[in-house]
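What follows is chain A paired twice: with chain B in the first complex and chain C in the second.
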Partner chain A sequence: MAVTSSTAATSSTEVTTHAAVTTPTAATTETAPAFEVTGLRFEYREGRQVTRPIDGVDLHIPRGQFVCILGPSGQGKSTLLRCLAGLLTPTGGQIRAGGVTVDGPGADRGMVFQQDAIPMWLRVEDNIAFGPKSRGVPESEYRPRVERYLEEVGLAAQRRSWPRQLSGGMRKRVAIAAVFANDPDILLMDEPFGALDYFTRGKLHRLLIQLWAETGKTICFVTHDIDEALVLADRILVLNNGALAMDELLDFPRPRGEELRADPDANALRARLLSILGGEAS
Partner chain B sequence: MRSAAAATAACEDIATRVVRGHPAPPTPDHEADTAATAAAPGALITPVASADGATDSRSFGVRARTRFRPTRVLLGVAALIALWEAVALWFARTLEHPEYVMPELGYVLRVGLPGLSDYYSGVFGGTPPSQGGGQTVVQGLLSLVEHSGISLVRVGAGLALGTALGIAAGLAMAALRPVRYAGFGVANLLRMLPLLALGPLFTLWLGPTTSASVTFICFAVTLTMLVATSNAIGNLDPDLLAYPRTLGLSTFATYRRVVAPAIIPELAAALTICGPLAWSVLLASEMYGMQEGLGWMMSEALDFTLVDRITLIAVAFIVLNFVTLRAMQALVRRGTRWAE
Partner chain C sequence: MTTAQVGRPRAVAEAVDAPGSRVGSPPARSPRTAVATRATWSAAAWRVTGVVLVIALWEWLAARVANPAILPAPGLVVRNAIENFGGSPALAYLGLSETSYLGNLQYTAGVVLTAWAAGSMAGLVSGLLAARVQWVRDLTEPVNYVFGVVPVLVAAPFFLIWFGFGSTGQWVLVAFFSYVTVAGAGMVAALAIPPRFEEYAATLGLGKWSRVRRIVLPQALPSCLAALRVALAAAWGLQTVAELMGSEAGMGRAIAVRTGTGDVASVMALILILGIVAVLADLLFTVSTRKVLRWQ
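For the complex of A and B:
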């Protein structure tokens, strides 16, 4: 399997040096890490009450890494992801994506949502072509990508179907193919498989890992499911009260399957994660 | 007049009952997922009834939507005729001049239909009363067709213009803050005006012309569609709007490619209300100072309490209103096939 495992030695605490980077050049955007986050804060007010879902997060994510952001609900996972996407404007701190300061959403950071957000009035193939076509990318450029991902996610036979005619798992395949066909550098996934059953989720895990290995894209994947994170991640971040409570690199061999349940290291990590997450819950 | 109002109410009732509902939430099941790739694992436990069949047959006593069935419409018409005749017969026994209250249908056809010749202008090759043309069934029918055509053009133009303007204004209001601040308050204030009372104003401003009718209808439809569009946009899933931004679409592209198509199913309800609304407004418009159209015929007949003629004009209103409704539903259906 491709990409990172050994290269991703940087932990979140070593990020501060990157704050000096100013105007990006072509060279820095080529080589810059996927994300550099410094002193990130996000707060909102309801009446007199101020809530801080993100309260001082520093983070360095190298290119090509598969990062799982883990934590129970209400600990700022989705908020962090939406800040990275540019859908939320942070109250403080800075986010750089590929060396460029984030000040809104962009085609370099694709997103797969928890609930289906794909246009239901576009047939499967039009949905997968939706991003590049709407941005005015020439058809000769995006058409091969659309065909490729139609095949890869196994929906070639359903290319003329409406999303409504598909099952939940198949609609997720459409969403994944659509975001890959738009060819972003980074994929942000917000509990995308949360509503799916165990078997469908397993299939989509394998599909996602396969696409990730082929394309070498950076993936930030939010989940509350420890086992999902263990199967997918190069690196697990645990959020607690809006701050990073744990930052762990994983080097279990891929492909990972049921044998991970018998791996003593994996079980030790699972126990540690459980105790941290369990501690937060109480 | 009373029967025309009843007719409009009846059509509105049909309109609300055949409004196309939102798509039911799809049933998430991994069976379909497996079945698509390999039939074998799912085959053992393939459900006997399809998911669609199951949800259709079990509506739990709630019917959001009634399919249009010609037989039911005919039954309704027959029931209405029977009721009318029963009441008319009762009036015929108790009143000296029942024809001024509720004439029997025989009287309506025998006296009322030729009587409509009085409003005939001579198009289609007949002789108008001003040139000595008499009251005949044919001339009466021609008169009805002539003025129906004039009214239909007015309603069609007003509906088309008003729908386009209302949706465009609603989109502009959602997209542009200055337009929203300037427009929304004004639009809501105008909506508080009793619409039908504005009829004389438009005739005063634009003369007794087709332009006045079309403008009036357009005004009413625009306000309705504007509010409906604003609401429909407000009800959109925020993630549906976030998604195109994460693909790199501009605000304009997001409105064109996501917002506009996404609101169509919710606008369908408003559209089916606008058909009957347009006909009501047309009536109000043509009754003040116009010299053509069904509304003008209605006001002329009303001046002499000719209930037989009013009845026939009301029937024309019902038929045209119904045709408008069906046409609009067909249009909406073309735009919402994905939601079925």
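For the complex of A and C:
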């Protein structure tokens, strides 16, 4: 299966044009890409030492794409994701989500964390309703979504359980359902399955792909696992020292499973990724 | 680092994580519930055994001493408590404004409960605010710390001198120490909440105050309730000490005057009543807050 290099990176001309637009109309918001990132920089100081986890990233992510951000630890993956979420304020450059400049977190960009972040004092169904209910969305509007995602993630029978009564995989399903039920345009996932065993991870991959296919939402998924990225992604971004080192579009047929290990194109890509990531690690 | 605008699990069912799975629902009475019930009964049995052992030891010692003026037997103390509960001629003779054990208990309990409630609520607000607003923390933390380490026996005379030996001085003393206890615990509890909880809520679209109400308060609640409980237990002791130093009424005052007359049975009866009421108050507090902590 062919693997093609992406031409989606934002040009400097586009940067200038988009930077002038600060308040898009409804029409531009609907047709705007999920993310436009231009000249993104993030740095912090510890004493006299300045660290730049993100140093000049340009990115264009169309709506509906499943993007995996790949790289070893300390290369800026999570920092980039947290900037996209609005949890970190960049020291330079601009991020636009759906045509609107990102200046903080918002309900349009839901996030699933590596560690459990769901409120442990809410039962499963209350956790899934937490976002829309807390924002004052009418129950008639969010209740069908809560019921739908309770069914979709297979937790309808555990709706009255407390999170402590669930396994790690089940709690992760609660987190995924809660974010989908809040109906964001974009899902940001920071190594969400990193702490789970191989089999549970595989099942959650299938669940996530199913939900993504049904909803058509944009997903940015941070991982350090090459095979996870190959199974999930439409597109793989590799970060090296805070800059994009590789940007690849994948068109392997879905669903992807163990057969991907026997695919020559997949193996060639895996070898290239290993080569790049191995070089970064050293 | 420029940060943004923005907070034991025990698996009882192994997950089968396939989408659509219906497995893992706990049965009507799960093994965990049965174990918890057994543990509750076991704990109750040990507590009763402890009380019985102390009473037995007391009875044995009283028999060995064989002098009720030094160590009255449990039966004698209980009889004293019952006989004087509704009215005590001795207390009337000794000039207390409350002439029954019940009247003195009501006086003490009234000051304790109102001062504890007011001081603790102020402490809770102050502690949570200090955790959220840097200048409030800078303002209150050193002051609370200094007052927190001052022994009550050192501080109490000042409160009684400034506010009088009546109930006002006692009330301020109890309220102040409840405030200090709860403010410190509330601040630490709110500061200990991992930031990802608030970040998660922020990415769901919750605003600043909504996150405080829906993330910070519930997460800090167990530690705050523990501090409230500690403050309540301490409040009985503080109030009694304040009354011992000088008061018109109260259990501490009654203990002081009966100690002065050498009536050991009455002193022990008053202490027994005070202890039982304090334990009942603690039990009531624990039971009434159990529902909000059942997620733990």
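One rule holds for everything that comes next: the second predicted complex is superposed on the first by the 260 of 282 C-alpha atoms of A that agree within 3 Å, B and C clash if a C-alpha of one lies under 4 Å from a C-alpha of the other, contacts with A are read in each partner's own complex, and residues count from 1 in each chain.
Please note the rule applied: a residue touches a chain if its C-beta (ideal position, glycine included) is under 8 Å from a C-beta of that chain, and two chains touch if they have at least 3 such contacts.
Note that the structure is a prediction, hence the values are computed from the model and not measured.
Undergrad: In the superposed model on chain A, is it clash or fit for chain B and chain C?
TA: After superposition on chain A, chain B vs chain C: clash.
Undergrad: Of the two partner chains, chain B (first) and chain C (second), which one does A:153 touch, if any: first, second, both, or neither?
TA: After superposition on chain A, A:153 lies in contact with chain C alone.
Undergrad: A:89 contacts which: chain B (first), chain C (second), both, neither?
TA: The second partner, chain C, only.
Undergrad: By the touch definition at the top of the document, which applies to A:44: first (chain B), second (chain C), both, or neither?
TA: second
Undergrad: First (chain B), second (chain C), both or neither: which does A:195 touch?
TA: first
Undergrad: For A:264 in the superposed arrangement: first (chain B), second (chain C), both or neither?
TA: Neither: A:264 stays clear of chain B and chain C.
Undergrad: Answer with first, second, both or neither: which of chain B and chain C does A:164 touch in the superposed model?
TA: So A:164 meets both chain B and chain C here.
Undergrad: So in the superposed three-chain picture, is A:207 touching just chain B, just chain C, both, or none of them (first/second/both/neither)?
TA: Touch status of A:207: second partner only.
Undergrad: Quick one: chain B or chain C, who's touching more of chain A?
TA: In the superposed model, C touches more residues of chain A.
Undergrad: Thinking of the overlay built on chain A, is A:138 touched by chain B (first), by chain C (second), by both, or by neither?
TA: Touch status of A:138: no partner.
Undergrad: For chain A, which residues lie in the overlap of the chain B contacts and the chain C contacts?
TA: In chain A, residues 85-87, 104-107, 109-111, 113, 115, 117-122, 130-131, 134-135, 154, 157-158, 162-164, 166-171, 178-179, 182, 188, 199-200, 203 are touched by chain B and also by chain C.
Undergrad: Within their complex, state which residues of chain B touch chain A.
TA: That would be residues 23, 26, 28-34, 36-37, 237, 239-240, 242-249, 253, 257-258, 261-262, 264, 337-340 of chain B.
Undergrad: Which stretch or stretches of chain A touch chain B in the complex?
TA: 85-87, 104-111, 113, 115, 117-122, 130-131, 134-135, 154, 157-158, 162-164, 166-171, 178-179, 182, 188, 195-197, 199-200, 203
Undergrad: Could you list, by residue number, the parts of chain A that touch chain C in their complex?
TA: That would be residues 42, 44, 82, 85-89, 91, 104-107, 109-111, 113, 115-122, 130-131, 134-135, 151-154, 156-158, 161-171, 173, 178-179, 182, 184, 188, 199-200, 203-204, 206-207, 210 of chain A.
Undergrad: Can you check the complex and tell me which residues of chain C touch chain A?
TA: 1-6, 8-15, 17-26, 194, 196-197, 199-206, 210, 214-215, 218-219, 221, 294-296
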